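First the structure, which I've put down as structure tokens, then a few questions once you've had a look.
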């Protein structure tokens, strides 16, 4: 039997007290994987703002580099904005890198003809819609629905969150024609099962979707050597150049 | 450890002498799966014509229904036109159904920013281009390249086929800007490794891509209960209706 | 004066008792044509499911082949899903083949800047939307509106059907901005005149639209020799190949 | 038998010596129609420039209004830019109005999966491409090919024109994957048959395509009362308003 | 300091009594410009109909030609349909030509992720939507909202107009997700400030937007020599040809 | 006369010796503006890699915040990838923020019907193509052309760079149908004039285009109060939250 796949799940936020809970949550849904769930040291508590996600770029990417050095098979970027997904694929070598939005939509379109995304706040919709379009799935998007809750509320006010997610997911299915519901924030974890049971449609937990995709892509890497193409967009910068310009020093970049 | 996943690979063509070879080929690239490779009894030898693919619809779908009855986890439709993929998802219940084009493109866009598809003959391009567009990946398509060989030539004239695939794949990368190469016919199996080694870019064997995706979706089904949504496009016809109109008799449909 | 054009209208369903009614209905709206209205022998009573439409592929295509052998000028596929339209164009030689959705939208966009489609059930929308997109008219689509009636209800419960079609068509015009209404099921025949009179906008009967387009394309064929291009997507399989693989025997294919 | 359909073909240019030739040319390809071919009195000799087409707007639209008053069934705007097609549909009442580009593409996509357009000069391509996109057929466009001849050269230097059209049409089919060729200038009349015979693909004469479509739409008008929708984009201005502002005087508008 | 930029604002309508008011209105919002506000002599009072806009083509384009001859730096076409914008760019030489819709959307997408357009009547939406698509901004369009007022009502019934604009703009922001509001008629001038203050989002006065863009493009012309490209779509007709065909006489075209 | 507009041009790279040269270069092309040209302290020498652009996010955004605090009217992000443009607009208050790609394409589409972009290396194309699509101008893109030079080569090997830019720009115009040429790297400054003179088409210097757009948007801000909408995508994070999570400390964020 194959070796366990080593997955690194990174919450790109500045607190760690959910890391263990996340780890055991993920472990329930993967096969033959080990999970390391981690977070950042100097970071905001949520990434509702693009500005916040820009701030954490160096530390997030350092974590991902370190994961490759440490022998992880995959890194998962734990935010539905998919921050720095392409940057991470460009920077890394054989490491699989996945992210929640790309992974969730990729599976959603195989389970139904249309999907809706349940987001925290209206503010998030335009950028996410751009991502939906970038990934190619715009014509399958039934709607965005907002529960008008902050990211932190999902775990802090679970009952309220569940009630609103249920309500908006039901509207998405009944009024907007959604056949699959995507929970459009990794902090909406823990809710999918109940919504799925209530509505009778697949409900995608984006944290888990990203981990399942990582598991699958690692299998492709291990057995078929299908890894990020390096001839174009994802060509990797040379270590020598990084050292020459002291970027390793300035940004504390882990170097092999 | 989880039970082995039971995959049924169906070549929608009228000869069976490659079935065993296909089975062992697939087995090299999956983890913890059993493979049944089968083909049809009354069918053309290739599906270069849409008309041919229409003819085999009933037998193909019967095979898929039988697979679900027999306890398979997934059925894979072995033709890059993805014939009757949506029909099969609609008709089945919890069965995973995958197909080569959808599966290949889904992984290709995660490995590179652009891809090219190497097809047998120019004739196939328009319909496949429509599929690329339907799946949402048109803006990532670098080119189609044709080797001008019939489907049967891929295994009958392997040296010629390999030479031409190599040539066109190289042109796709060098001239068209492709970062990933997709072998756009399931009968192009057995070539990906060499082309991949020669060109240094991921080369997708579409037969294997469909099986890997099946493996992954079965895992999602087993662990998350994510299965085809039945509230809209993929609502399943009622058995009672099928019996009432004697469709089961007319078309020898396997009924549970 | 030119010879009468011979049109074959095929209801791809398993009952024939409406065939005569359909024939005389069509005859009211064409010029200098003869109509043969026929249906299938082994088929479901409606094609609400893609699966059903797949089952009838061989018999439908046999009917179309026979029509060409028998000297018909055109075959009309009588279902708004346009099942096997491209297959029929590929398989036939000089025969004109038309279908209701393609024909209806083609004329709708010349009569108004936007259109809405009135369908039977929500289930049908995603696949039809895909067709709208495939034909190129997505940006002119105002809305789909569902009357939530089964296909058979349109003729079985005419009063109810008319009431609902009127209601949804009116909403399409008033609320969705539709300038033309398309009745998105061939079984919605017999209603267009009243809806048109009531709403004051063109209302397209898709059965008739397909016949009118056939009449027009036959005229182009006869006078200009404009027939299906055979250099690419619609290249026809060789009879010799069909015979070699015994497809004619297996599928009772009419051969010339 | 139905009355002959009365078609008015308007060359929106300032010379009339081809009118008769055009009339008899069209008559060869229509059924049961009468043709009036006319042109303008104060106009440029070609419409290669958008500016030129703007100048002739009032006279062209007057001609179309007069056609409706005189009992014509249809007016055909004889320029592949389709100048003022929507304006004419808005302004007229029950009159059918067609134009070469819209008509040619509408039939081209039914005869093949892709088409190329052979234009006079590169200058014309961007605006025509915009029209292709506006009509919804961009994804079926194989290429534009320019013969680098002025509009007037098509009839003045027939041999040269034919040679170049043949050459570029062949390249479109062989190199660009075109399955249908559209002659993208009404002044390219008289060439389609030879190109069609030589290449073995349908070659659309856009002048004739517009007339055939007119014939077909008149039939729909007469038998089904399908005419331009007046509830939105094509709402007609009131005669009273036109008179109140003396537009009839200023622009010599024919009023009923 | 640079010379004042000379802008010519043309209301393509047949009354002049607002010209002065418009001139002083524009002057409040530009820097170092002189404004000439003019209108047409033989023209309708509004351009709600495409037909009306076609009628005024020659006089409008003459005014623009004259502006270039008279040494103006820019001409602004004062109607949100942007009538004859491309024609004017083609016909002129170094003159900057701008129009309200293009200019408004170009700035709107820099101020917010989405925008809505407030139009007079539903009738105008389809053509404007086509323009939005032509300019490339369709995916950023939140909605059209109609106040159901004629163009003339905006200045004749200011209170009613303001009330309705406020109401629909608010709905656009609250219900449709608009982040920027565009007043989609040049006659909606004078309202933007109040709506902007009330709603707290940028509200684009399209008349001013077109003037600001003209000011900006004139600066680019003066300092960088960035002017309309003459190698393709906007190639200018030769004066000699215009004279040869007496277009200058027929249409009273100002010639240099 | 209005106060001079204060523009801050930021080269997001780690050397400053071109800053002065850039400042005086820009000054030649703006009116009534002051320019501050600056660069970063800890940064790579070019941003050919997305990874590099991620690294400099915090310092770049700090510079932009500081610019707003210091009373600048606009900040210009000096890289054709437009890194963190939306983040900067979200984070800032009334500050205008522009970037070269968005600004260049916005003006290019007003000068011609099509444009080509001359880039340094093929590697950059996919991400830039995504930006072209995001901004809405994909249908006007004639081609990308690569000179296969590193970003630093543009100023280090000026002769070679000029020769290649000229060659590829000419091909873009002659072979690809480009009517406008965009120099797709801010380090391609200093070349536009010669290429423009040689080819006779507008050639956009993207550094200058971004500054001209800034000048224009500042004028709109000053005179019309048109500034970034704060109701949706660009809602600004609260200072209190930034302080609460010590982001100001961690990232040395300038706070007012």
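Quick notes on this structure:
Lettered A, B, C, D, E and F in written order, each chain numbered from 1.
We adopt the following convention: contacts are C-beta pairs under 8 Å (C-beta built on N, C-alpha and C of every residue); 3 or more make two chains touch, one makes a residue touch a chain.
A quick map from chain label to UniProt name: A, B, C, D, E, F = Allantoin racemase.
The shown structure was predicted, so the numbers you read here are calculated from the model rather than taken from an experiment.
Chains making contact with chain C as well as with chain F: A, B, D, E.
Both chain D and chain E are touched by C, F. Each of B-F and E-F has its own count of C-beta contacts, and the greater count is at E-F.
Measuring from the averaged C-alpha position of chain D to that of chain F gives a distance of 45 Å. Separation between the centroids of chain B and chain C, computed from CA atoms only, is 30 Å. For chain A, the set of residues that touch two or more other chains comprises 113-114, 122, 125-127, 138-139, 177, 179, 232-233.
Contact between chains, using the touch rule, shows up for A-B, A-C, A-E, A-F, B-C, B-D, B-F, C-D, C-E, D-E, D-F, E-F. Across the complex, chain A meets chain C through its residues 113-114, 139, 177, 179. Put simply, chain B touches chain A in their complex at residues 1-2, 28-32, 98, 102, 106-107, 109-114, 135-140, 173, 177, 179-180, 192-193, 196, 200-202, 204-205, 208, 212-213, 215-217, 219-220, 223-234. The part of chain E that touches chain D in the complex is made up of residues 14, 42-45, 48-55, 57-58, 61, 84, 86-87, 90-91, 122-123, 125-127, 130, 134, 232-233, 235-237, 241-242, 245-247, 250-251.
If you check the complex, the residues on chain A that touch chain E are 122, 125-127, 129, 133, 138.
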